[in-house]
Every structure is written in structure tokens, then in C-alpha cells.
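Each of the two complexes below includes chain A, the first together with chain B, the second together with chain C.
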Partner chain A sequence: MRDCYIHSAVSISAQNTFSTEDFLLDVIVHNAKKIQAVYPNYKDFISPIAARRMQTGVKMGVVAANKALQVAKLNEPDAIITGTGMGCIADTEKFLNSIIDNNETYLTPTSFIQSTHNTIGAQIALGLKCNNYNNTYTHGSLSFESALIDAQLLLQQQEAKHVLVGGIDELGVEFVDYVQMIEANESKGICVPFSEGAAFTVLSSEKKENAIKLQDIITISEASKEELILKLEDFLTLNNMDTKAIDAIILGNNGDVYDIYYEHIVTSLFSNVARIEYKHLSGEFYTASAFAFWLGTNVLQKQYIPKEVLKNSIQNKSIKTLLLYNQFKGKDHSFILLKI
Partner chain B sequence: MQNEQINKNDTPRVVVTGMGIISAIGNSVEANKKALLASKSSIGSISKINTIHTEQIKVGEVVLSNDELISQLQLPDNNNFTRTALLGVFAAKEALKNADITDVNCYKTGIISSTTVGGMDKTEEHLKQFDTSSESQKYISSHHAGDSTKKIAKHLKINEFSTTMSTACSSATNAIMLGARLIKAGKLERVIVGGTDALSKFTINGFKTLMILSEDVCQPFDEYRKGLNLGEGAAYLVLESEKIAKKEGKSIMAYISGYANANDAFHQTASSENGQGAYLAMQKALDLAQLDPKDIDYINAHGTATPNNDLSESVAIKRVFGNDIPDFSSTKGYTGHTLAASGAVEAVYSVLALQEQTVFPNLNFKSKINETGLIPNTEIKKKTINHVLSNSFGFGGNCSALILSKE
Partner chain C sequence: MPVKELREELKEKIIAQLNLEEFSVSDIDDDDALFGDGLGLDSIDALELIVILDKDYGIKLTDPNEGKEVFKSITVLADYIAERTNK
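After this line comes the complex of A and B, so read on.
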């Protein structure tokens, strides 16, 4: 079984994460309920004619994917795998509203064509003229994780050597308001802003100097807090480690009532470990955990936890192993182990 | 790539031990089989969606209404099941029953489903009432494509691995492929794989703007084909490692012997002239199965009956099989194009072809396509069938192929 090395990690997010080498030095404090990503200069990557037809998610995805390939010095990946929770929601809303507004008449196909969930993966393949394996996952907050699992499987089983994997979601203009309306009616709904982003990585079975390793990943659809502890312990054992091996934990807290899952894990197993949170910076969306993947890779590479994400005062001298934990509404749990 | 895989002999073989399906031609595997053997199509006028295009399209609708499905599944009145989820749960339940599985947790079991539109059937009905009507608001959370899978998983009590794919019309084939790969890698012992899609105004109007919907019953592989008929449905297969199936004394319906996924990388919606993506998918599936083209006894083609697909697929089939084209047919003339579900619907039909040793006819074919001259099988044909190839191609250039074998 082959290991999975991270040859690049790129993020377009609500922070300055794309066009700078700085690692969350000047964070943007967001007070709005909905925040757009800090968009890159698309012209550097896509022709203006092509960009004009693309919605935000496709543009962010294509650009983040291209940069991830550049950093990894890879021309053609053996596989392109994307994860997106809401898919191309902006074009979906656009086509849906034209159907409703015009009573099914005077419709044009462009927004329909680009509304399918696999549009981003397809556009990346089209741009690269890449005939290889191409897949798209859309499973709520496990969309990016599902893509990672597929990539890990391709590498471990030697079906591929270099895999491009990404998580993408765009805000859109309408649906997100309904979702936020529901959240606002909850007694303790999601408190961080809703946002968007695209994070891509090149995973490879080739070991590179100083490359971070994706040690393992597991997803669990439903479990009680107690069951989850057992499953996490089993997962660590499977990877020949125990809780003491974890130097820092990256949590997906978003302020809602289900944050108790994170608290339970921390108080039960990781009370003396550096605690990192990020959704106040990235915002919440189904593939926000792809931002955490970028964050974790950088923490390991740079051996440094930016103060804006460190939630306790524990700073280890060296950070060798990171555990990422995310869940959504008490379901769809994921654990990811990153290692130097 | 795949033939580099080492220790091939150590990897477990993946078998099909159960199937479930609901489509225009029937609400069970048995009913679908009966209709296929009787060459009976169920393409007709649309009755369950209020669209202005009623006179200009023909569709393959599932007979059961939402209320009937809800009552058969014994769901509470205040449920927020979309039609996509209802069809999915209905078919997945049959698959488990068919595989004789009563306790899903006695083996490491996962579910991999797929859909293109997810909860769109309810979204388009309620979108403009989302901010005012509490009755509508329950469908906000059921819009996203993962929702139907979560409902199926909950219904079947599968708590561990579950995911959803969406690669347009090749989705379910990719779900089957991932399931087989996870079993081969030893990550799962058993997995329910397939897809579900309900008809919606969204897809009807989408395909209408692309001008690829036929006003009449579709004619796959015919020179004068005028486009596709949309359909709806859901289908699931139970995959297990051969070892467990044998240990449990299960009857093995088929082996998953080959599969592949490639991208045409040509155009967002159109297939290339030389069918490169389709060619690669078929060729790589044969390579993985260690089979020669001559070993394939029947191709269940994608055959949507659009001018573009059928020509491109025919060219790709000729590139793989040369002058020795196996019996082939598209079964879209029975069910319509069930989009994300089609790969699973047709995998079920491919297993039935193996079980019945029968090639199902391609309905409504009259004249061969001039450029390629391929003639699909148009009659029920009994013959020895050891290996069936099933094709699924989608928007975004996503092309997948699956090979199901008797032994």
C-alpha cells in the first residue's frame, strides 16, 4: 500500500490565502452574515472570454486547480476529483428562476449546461485536455472528504500516481438566504458567516523532501458522542498511534448547538493539545473543511500556528501530527490525519 | 494505469448479490424483467409534472405517485422526502431484501448513491414560498444532492460510510465502480451502490433548451433519431466480496469484472467525433477485466437517441470492436433516460441479461446510421452470455463503462 504525499495545497477563501505567501498574517475580520471569497485576478489564469461564461465556483475551482498543479510542477494529473456540497448553485438558481419567471419560455441553455455538479471537474479536464479519471462528489459536508478518500484509494491501490483533488462551493444569491433564515430561527444556529471558497491539493504516491503526508481519513455518517470517541480511538490505533501522538487539533466549530461534539472530543482526549479553529475566518460552507486541509498542511510545513486560529495557549515546539475534525449538525463526521 | 496493479490475485473479487429497481416499466426487478422480455415500453405522456411542454415531449414516468410511495414506505405525514429520495429508498430497500440482508451492521457496509438534480422536484415547486410558508421550508434542507443518500442510509440503518456522486448521466456507474474499488481494497465488505433521479421541470426545460428532446418515442441508433425521452427511476445493487458471499451461502448474480472512468475533454455537453472518452472507458474496462473485445457477448449501450451521442458512441464501439461488433442494444426506449440512475438501471438490466441469457431488443429502430452502419439487436435473442458491457456517458465529458460477468 502506497503513502499519500501532499505536493501542493492552494486555497481561495474569504481570507488572503491565494495571492500571497504570508500565512494568515493580516486576517480579514468579517462582520457580515454572508462573505464573498477574496477573488484572485482571474485573467492570470483564464481567458476573459472563457471567464465571462463562468460563475464564481467554476472560476475559483479552475484557478485554484491550475495553481495547485503549478506548485506541484505537474502538467497532467492521473485523476481529477472534486467535491462540492451545493454544486453550481448560482447557475442553478439562474436557470430555475428563468423557468419560474418566464413560465418555461424564452430559456437559453447556458446556465443549465453549467449547473451540473461536475461542471468544475469537467472544465478543469477540458482546460488541460485531460482524458484521465474524473469524478465529482456531492455529499453535504463530506463532499471534499469523499473526494480525498477516492484519491487515497487511487494512490494506495496504484491506480494513479498524482491526483488533483479539490473542494469548491460558491455562495450563490438566493438559496443561501433561505438557509440562513432557517439558521436564524434556530435557538442556537450557526454563528459564523456563510461563505465560499475553493481549495485544491495535488496528492501523490511519490515521496518528496519535506512533503506532508495524508496519513489517513475516515468519515462517519452518524454516531453518538460516545461512539465517536471509540471510533476515533480505533482510527488512531489503525494508524499505529494514540492520542498522545497528536500535536494539534483543527476543529470546525461554527457556533451552533452541535459544537458540543467538538467539546466532547477535546475534553475527553485532547485537553492538552494546541486547539485550532478556522470557520470564523473561512466562513461556513459544505466544503469549508477543504480550507482546514490547506490550513493544516501549512501549519505542518511552516511549523507555526497563526495566532488568529490558535484557541488556547499551547504552542508545541514541533508539530508533527495534526488531527482535523469536522461535523455538520451533529452528523457527517470526518477525521483527517496529517503528518510530517 | 489499472493494469499496473500488483498482487492482482490477492484482491477479492466483487460480486452482485442483490438488486432493486423502480422505473417506468415496473416497481421491482421482477416487473422490469417481465417488461424487458415482453419488449414493452412505458414511454408516454407526462402526467405528474405541470409543464407547458406536455404536448411536445414523451417521458418514462414511474407509475407510483409520491403519496403512494410515502404510504408504501410508511413515512410520517410531516416528512420532507423529495421524489428523488422516495424512489431511492424504495429501490434500495428492494436491493437489500433481494440480497437477503436483514442486519446491515453484521459486515462493514456502506452506501454510495448518485443523483443529478437531488431535491429539485420539491425546490422548483416551493422556491418562491420558502420565505413565507412553513410547509415549504422543510424542503430547503432537502435540496442538496446528498440529501437523498442520507435518507436512504438512515432508512437502511447504514451509519458508517456513505457518499454521493454526481457526474451527470454517468453517475451511477461511477458509484458502482467506487463500491467495487472499496471492496477490493478491503475498506468495505459490503456496499449498496446505485443512483436515483426524479423528473423535474428543471431537467425537462434544460434538455428542451438544448433541443435534444424527442416529441415521439426515442429511436436509439436510428439514422432518423430525433432526441431522447427523459425518464425517472432508481436502481441499486448490493456488492459484496466473493468470500463473504460464499461464506453466507449467497447466490451470486454476477461478478463485477471490469470498470473504467475517462473524460472526453472535448466539450461541456457534446461528445467528440471520435468518441475518445467512450473509447477509453470501454478499452480500460476490458483491460482491467483482462478480456478481449471478442469476449463481450452483449453491450448495453448508453444510446440516448440524441444525434450526437449515438454517433459518437457508435464510432467508439467500432474503434474498440473493429468489424466484430457484439450484439448491442440501448434500453432507453423502455424507460427513457433516467440520468444519474441510468448506469444502475442498466447494470440491473445487464445482470438480467446474464441471468436470462438474453439480449434485450433495442426498440423503435428502423434504419442504420449512414456514417457507421451499426445495427442494434431488435429482437429478443437467447444466446450464451458470459460478459456484458454497459456504457454510461454524461455531460462534462464523463464517460464510464462497466463489465458484468457470469463467472
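After this line comes the complex of A and C, so read on.
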């Protein structure tokens, strides 16, 4: 089986992450409950005629994907795989509201056509004129991870050499407000802002100098805190590692009651490693873990953990192996191992 | 409604409904071709225009060949609507 190397990682998020030069140099402190991403200049990547039917998620996805290909110096990937929890929610809201407003008549085609979850992957392929494998995963907070697993399998089985993988979610207009209302009624609901973003990576079976390796990934739909520890230990053993091999752990804490899962993992296994958190910067959305993937790749490449994400005083001189752990509402756990 | 006002209204509706963010009403001449070399509209836009005709003016366009002629320009479209709504 072939290894998976990361040839590029690009992120559009609620921080200034789109520039590949800066690595969380000027962090934006968000106090609002709902925060938009810092949008790049779309016109640099998409013609106005093509962009006019695209909502935020599609535009962010197309631009992040194109930049990831540019950085990896790749013209046409062998596969395009996207993950999105809510898909094109803005256009979905638009056409559903239009049906109600017009008493179930006069359904205009544009928002309907653009509202499907695979619109982003399709628009990337259309722009590249790429007829290769194209797939979209919509599995809640495991959407990006599912896309990664698919890419990993394609590369390991030698069905592809270079795969473009991304996680995208947009805020939309209405639905997110209802989710926030529900969270506000919880005794300890999500405390970080709700947000949006797109993060893309080119994974390749070709080893490049200084390329980061996607060592492995595992997803677990449901497990108790104790079961999770056992599964994580098995996962590390499977990769010929133990907990001592981990130099830093990136956690998806969002301030809700289910953060106990992160605490349990850290106190049980990783009390002496650098602890990184990011959702106070990126906000929460179904594919926020794609931002963590971008963050982890940059930490390994630059051998530096920005102070805004480091949550303890442990800063290793050398960071060789990173573990990413994310879960949502105590379910849909994922572990991703990145290695230099 | 006078035809001149109807033309302006149609331009506003087309810009809004078809997300022609780069255009303003003054950028669209009454006799510009809506499809092809003019505004560059396409088949999805044609469907949007059919919905505008039906929803806003009560005109159902069912013959594709008629559509080709009706959507030639703002002038032709406004005249077509005026003929059917000013009776």
C-alpha cells in the first residue's frame, strides 16, 4: 500500500488564513455569535459570469480548491472529493422559501440546481474541465473525514496518484439561527461562534521533500469515554506508535458539555504534550475539522505553534507527530495522525 | 404601464433575478441581445425569464420557438408583455 503525502493545504476561514505566507499572524478576535469567513477576492479565481450563480460555499470551495492545486503545482487531480455537512444551505433556504412564498408554484431553477450538496465538487470539476472521479460526502461532522478516508483508499490502492480533498460549509441565512436558538436553551451549549469555511488539500502518493504524511485516520460514530481510549490505543498500535510518539494534540473543543471527551483523552493519555485548540478562532461548523487539518499541516511544516492556539505551556523543540481529535455532541469522533 | 417604464422595470428584474451583479440598468441597451453576444444569458436564464413572465405578468410561455423570438431584446420583450397586459 502506498503512503499519502500532503502536497498543499489551503484554508478560507474566519481568520486571515488564505495567504500561504502568514500563519495566524494577525488573529481576529470574534465576539459575535455568528461569523462570516474572511473572503478572498473571488474575481482573481472565478469569472463574474461563472460566479453570479454561486453562493458563498461554492465560491469559497472553488477558490480554495484552485489555490490548493496551484500550491501543489497540479493541473488536474485524479479525483475530486469534497465533504460538507450542510451543503449549499443558502440556496436550499432560498428555493424552499420561494416555494412557500409562491404557494408551491414558480420554482425558479437557479437556486434549486445549485442547492445540492455536490454542487461544490461539480463546480470545481467544471472549472477544471476534469472528468475524473468526483464524490461528495455528507456525514455531519464526519463529512471531511469521510472524504479523507476515500482519498486515502484511492491512493493506497493505487487508483489515483493525486487527489484533491476539501471540507466546505457556509453559514446560510436562517437555519443556523434556529440551531443557535436551540444551543442557547441548552444548559451548556456550544460557546464558540457559528461560522463557515473551506479547506482543501492535495494528497499524493508521490513523496516530495519536506512533505507531511497523512499517517492514518479513523472515525468512530459512537463510543463511551472509556471505549474511546481503547480504540485510540488500538489505532496508535496499528500505526506502530504509542502515546509517547505524539508531540501535540489538536482538539475541537467548542465549550459545550461534550468537551469532557477531550478532557478525558488528555488527562488519560496526553497530559504532557502540547495542547492545541482552534474553534475559538475558526468557529464551529460541520467541517471545522478541515481547518484543524490545515492548522496541523502548518504546525508540522513551520515547526511552530501560534500562541493563540496553544493551550498549555508545552512547546516541543521538534514536532514530528500530531494527533487531531474531533467530535460533535459526544458522537462522530475522528482521529487523524499527521507525521513529518 | 408605459412601455418605456416597463423596459426599465424588466432590466431591474433581470439584473436582480439573474444575479447580474456586474450590470446596472444603464449598462443594458433596449436593443441589446439578451442571449449570445449581448448580455450572454444562457438556458438556465431562459427558465428564469419564463418564471418572471408567468409570476409577474401572468403570461405563460409554452412554445420554445416563441421564446426565442420574445427574449431577443428588452424592446421585444417589453412590447410582447405590453400587448398582452394592456388589453
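The criterion applied here is as follows: the second predicted complex is superposed on the first by the 339 of 340 C-alpha atoms of A that agree within 3 Å, B and C clash if a C-alpha of one lies under 4 Å from a C-alpha of the other, contacts with A are read in each partner's own complex, and residues count from 1 in each chain.
Definition applied: a residue touches a chain if its C-beta (ideal position, glycine included) is under 8 Å from a C-beta of that chain, and two chains touch if they have at least 3 such contacts.
Keep in mind it's a predicted model, so treat the numbers as computed, not measured.
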On the A-aligned overlay, A:L126 touches which partner chain: chain B = first, chain C = second, or both, or neither?
first
Which partner does A:P48 reach: the first (chain B), the second (chain C), both, or neither?
second
Larger residue footprint on chain A, choosing between chain B and chain C, goes to B
Should A:T237 be classified as contacting the first partner (chain B), the second (chain C), both, or neither?
neither
If you stack the two complexes on chain A, which partner ends up touching A:S19: first (chain B), second (chain C), both, or neither?
neither
Which of the two partners, first being chain B and second being chain C, lies in contact with A:L142: first, second, both, or neither?
first
Which superposed partner A:I113 touches (first chain B, second chain C, both, neither)
both
From the superposed pair, tell me which chain A residues show up as contacts to chain B and also as contacts to chain C.
105, 107-109, 113
Which residues of chain B touch chain A once you look at their complex with the stated criterion?
1-2, 4-6, 51-53, 116, 118, 120, 123-124, 127-128, 130-131, 137, 140-141, 143-147, 149-150, 153-154, 158-168, 174, 178, 181-182, 184-185, 187, 201-202, 205-206, 208-210, 261-269, 276-277, 280, 394-398
Applying the document's contact rule, which stretches of chain A touch chain B when the two form their complex?
78, 80, 85-87, 92, 95-97, 99-100, 103-105, 107-109, 112-119, 121-123, 125-126, 128-140, 142-143, 146, 149-150, 153, 156-160, 174-175, 177-179, 181-182, 219-223, 286, 331
Any idea which chain A residues touch chain C in the complex?
48-49, 52-53, 102, 105-110, 113
Quick check: in the complex, which residue numbers of chain C touch chain A?
17-22, 40, 44, 47-48, 51, 54-55
